[in-house]
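We just call them A, B, C and D in the order they show up, numbering each chain from 1.
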């Protein structure tokens, strides 16, 4: 049956019981009834892998003990049963190996951010994507929010004039103590340089702020000066970072992220100021976009209204005033992924208007992490952003 | 296979292309990967029914021309294929007939609110539910929001003391002109007494406000005085209503709803004041619950935090600060429905802690509509709330 | 010296140590450096009167033991020393006698609201004002807020279209217990029918909500239905009231006020919906006016910006973003009073564009109180608003 | 008459017609009825000086043509007429000369910020203050806000634990075009290096953010890295600045200020995060202080409530919910100044609990400006904060 006439089939690597982001991916993939989870290598622990498969109604014969087994066996299934794509939701150090393998075995891939463990891996992965011609979607989910997309439209259409200043911030408070010493699985791997990579806070959430700023403004970083800190004694990676940014073309920016900003939940915010207008968006109140002017009242643009750009209306599921949230934005990334994957598995050309983060964004993000960490280690010295 | 080991199978009545609430029910049923849509009588128009089935990946042989055909044929399927439940998402006048039929054919039912066309039907339906022993879940979705549930916990635990005053309001602006004259399908049936029932605005959204107030406070109405208005010339039903309420036990209330409050999107709000504390909840910012005290700082309780009541943690899908919205609350109603339906189809006892609106709430809501309309027709005269 | 070349001289009746509103009047009169307090009958207790005079730098020979003594003696002073006006800030039952006396002795009067103890007194006072030709300014201070004035401009200019619905609310929580049993001076007189009048909460703050709604919309009440309650046992007057309103011309309204809405500070709010736009104003955030439309983004109008109506710019003291508050609004009432009083004492014609509440507003407010109390006593029956 | 039994007498330098901050000082000095303006050198233009004196009811014989004339003549007046203090509200380059002269002539001084034109002047002025023993009050008005004072109390009392991070920001948008080319008097001098000093935006408002952060946290800057920008072509001074800060003791900070953040009014904000709690304060909503915790609901502390620290209650004029604003905070600086000045003119010891910014704060602020400008000129290089 044509991929446009049926639900897509996917498998998951990671995301077993107790995981956070795996459940988010599943909700995002499920919500529109466009895909079914039919296989998984949910955990390296056999017991947990099995239990997870039961929870998720995955048939025992497609609940694998490892992603390698899954890649091998699924690759041999007939076309009518074979997975259309794989979602990889493991910790960072386990992104590249399965992504490489599944791409090379002919599967499309949805990959949790940050793309890889380090920049070299990201560049290698980019080459593999190009070589295999498969779809790779990186889930920088915040760019799936329709009001973020509207913000980008306002920038692109010249509503803001020339961009002068960008303030991107992402304060959280959940790592204000040494949570990794206890049984907090999330805290454990995210603060472990062997699993997380060169950066803690900056890799985990700073990259979201970077991605959001670049998505909305289109600006590229010329140079940056980063002052990363590990506030909690005994922690191995940064848990806070303050970064000055100079963009190509003359705009200036501030980007700060923190996991010790006690009492903050998930306060990703961005403000962009141009010559004509400014915008402000708060992830915790994602249905509104604030637009400010020099000489007229501040406007609150609300998701779902008639004045939202026509091309963006497909990214909204409920009428105005019926709030959408984190999962719906995440699901918008999946919805675009589905368009690309349906085209790929049907042997059609990719649509030209696809709107999701790619491995190129992943490479950029890894370069951001590396440059930031290097700047900080040099005493918060200005560094040119590398050519990619 | 036991119903606890597999996804539930459901069919939908109504909800074809162009419908609003049908899509919402599907998202809510899909998001947790607990159910699959496998059958439907999506529209009385054959073309639209067929196209809708295709959109929704429903097999042609289970895409029916009418709910009657669906009930008859599905009832004959073997246990392993048969529907576990039916979701009814048609306009109000088409609630009772399919609900009755499916219940009597042995199907569980999820039913869009308001329960029925009038109070008599609601009472009749209640008897059918009781007689058949099947599950009927009424989707007063706002009570699915976890912060609403937390508000109820605060009332129940005495945190607010004795309740004195309730202010429930639900202003919208989308019917501030005669939208039903154009091709606005939603405006069409919701303002049509033949399809909507005795009330317009009060039936459509006033009942949500009533249900929310009762859910949180547990208070029953003693008497009310309702001043309903049709502001838009040519409209056949009320588009605005202001209601004074006296609760049993002495608390007082105001309830107002409007569809001509221009510029309002979906501003369902509630404030409840007790002797010890007050609470405030805004549907458009549903992740926060505001708690106020006579002698200490106002508190903002945030969804997903550790201090949320343990029993409510299952109603949250994402960590604090990752906003949930309308669909997630709706999905919480479905999640509870699934627990009940899984028990029913497995022949087990119903769990004692089920938390969803039932046909009893539907009867109450229909009585609210009838009493309100009657009060208003008498010149906004005080009327006793009927015994049910 | 001409009154336009010097500060005005005024005296105060009431407002001694421990009083609340007297201090507010003084700040409002002082802030622009337009008037000096030079006399006072601050208290009926001699000790307190004397101490208050010292606090306020009033010369001992002009610190009087009673308002009668003050009226008599001040009336005899030469023109160059004589008071230009008197501010009366006593409890309600002590409004009429001094107002009458000072007007008849030739003094202009600034009078705290509500105008008088009852409607009869207010009507009598109106006649005295008309007869004496003196200025009487009633300090319904909230209408002094520039964003309230802007709201009125928007109504008057047709920006909102025809007004359909008005929701005015004034919840407070400070009387949620029997505070009058202790030494709370404010609670004492405000809940005492002998000093406050026929109403408690409705007289004290409901009248502000009524005045605000009428000021902004210009609508006159046709009839109302009021359900007043005394929630706190042992209290003699209402501490909560819910009122349905029908305006002349067909608009509908809700007005509710409360002093038992626990945790609320001073949450006077108003929403007005017309056929074209709606507005929303919150006294606790008085520098913003929210304007809502059916088909474009919600606007936040900020005090002090260039787009504020030119005629209103004189009611602002600080640039946009430098918040003004309660006292500045109060001072705007005084500023207008000063314009009128300077004209009066200079023997000039009154300016045509004066913008302050008059005794006519006072009469209206007292009629509102009487009608509300009467409606409630009849069981919350609809009553026609009296002709005045 | 003892200074405690009478209003204080003051004169003003600058602040004539068309000035902004002069009017603010007058409101702040007037609001509590504690002082009278009796002399002035309002403008160097004779016409404007005279007209201003008339506006302000200053007697012609005390309306001077220059501050020098004023100092000389007022110094010769008898004690019972002589000024108690002088308020200096001229542009920055005109702060030091009159401040020096009046102090040396024996007058107390209230001085607009920033203290002087450059650091050398500030240090010189500090010595003069010490030598003369007169009172000098620097009007960093935001620290007069009672909720800012409450924030400091929370830090001092250990409520926040050890401070880790400070984010201070002050975006405005009013200089997003070359406003100084027109007749905008404020824009004119504030962007002119001859009148404003080495910095534009950072001197004008960055110093407020610095002062606020230091006032609340007590932290001293160890080193900073400043990236200042002039975005508007033709402008001579910075109109935007982003600064990384390292505090002594290990806390980190960001401070950014802007006058080209289009659409922002006066959005001075601060967030401080400690090990136990965090706080957030927004100047545009100054009556609230937000306090956040790792494990309990966020709190909104409201001005005027019983739980506000007892020692701070004198800094509030109106009950909770009756908003105070910019002028009231400014008046709190004056109120403390008055306490000091009354003591000084009465020959009494200075109270120990005085709470206003002094010349030491002025020196600190000027050092901040110089270090910031120097860092930026070196390419945004880290510099040690100088010893003072």
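Just so it is clear, a contact is a pair of C-beta atoms (placed from the backbone, for glycine too) under 8 Å apart; a residue touches a chain by one contact, two chains touch by 3 or more.
Just so you know, these numbers come straight off a predicted model, no measurement behind them.
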Determine, using the mean of C-alpha atoms as each chain's centre, which chain is farthest from subunit A. C
Is the C-beta contact count larger for B-C or for B-D? B-C
Whole-Å gap separating subunit C and subunit D, where each centre is the average of the chain's CA atoms: 34
Take the average of all CA coordinates in subunit A, do the same for subunit B, and state the distance between these two points in whole angstrom. 34
Chain centre separation in whole Å, for subunit C relative to subunit B (CA means): 44
Here the gap between subunit B and subunit D, centre to centre from mean Cα coordinates and rounded to Å, is 56
Of all the residues in subunit B, which ones touch at least 2 other chains? 264, 291, 298, 302, 305
Taking the complex as given, what residues does subunit C use to touch subunit D? 5-7, 20, 23-24, 26-27, 30-33, 37, 54, 56-57, 172, 264-267, 283-287, 302, 304-305, 317-328
Residues of subunit A defined as touching subunit D within the complex: 164-165, 167, 169, 171, 173-174, 176-177, 225, 227, 229, 231, 240, 242, 244, 246, 252-254, 256, 258, 260-264, 271, 273-278, 291-294, 298, 379-380, 382
Under the definition above, what is the set of subunit B residues touching subunit D in their complex? 291, 295-302, 305-307
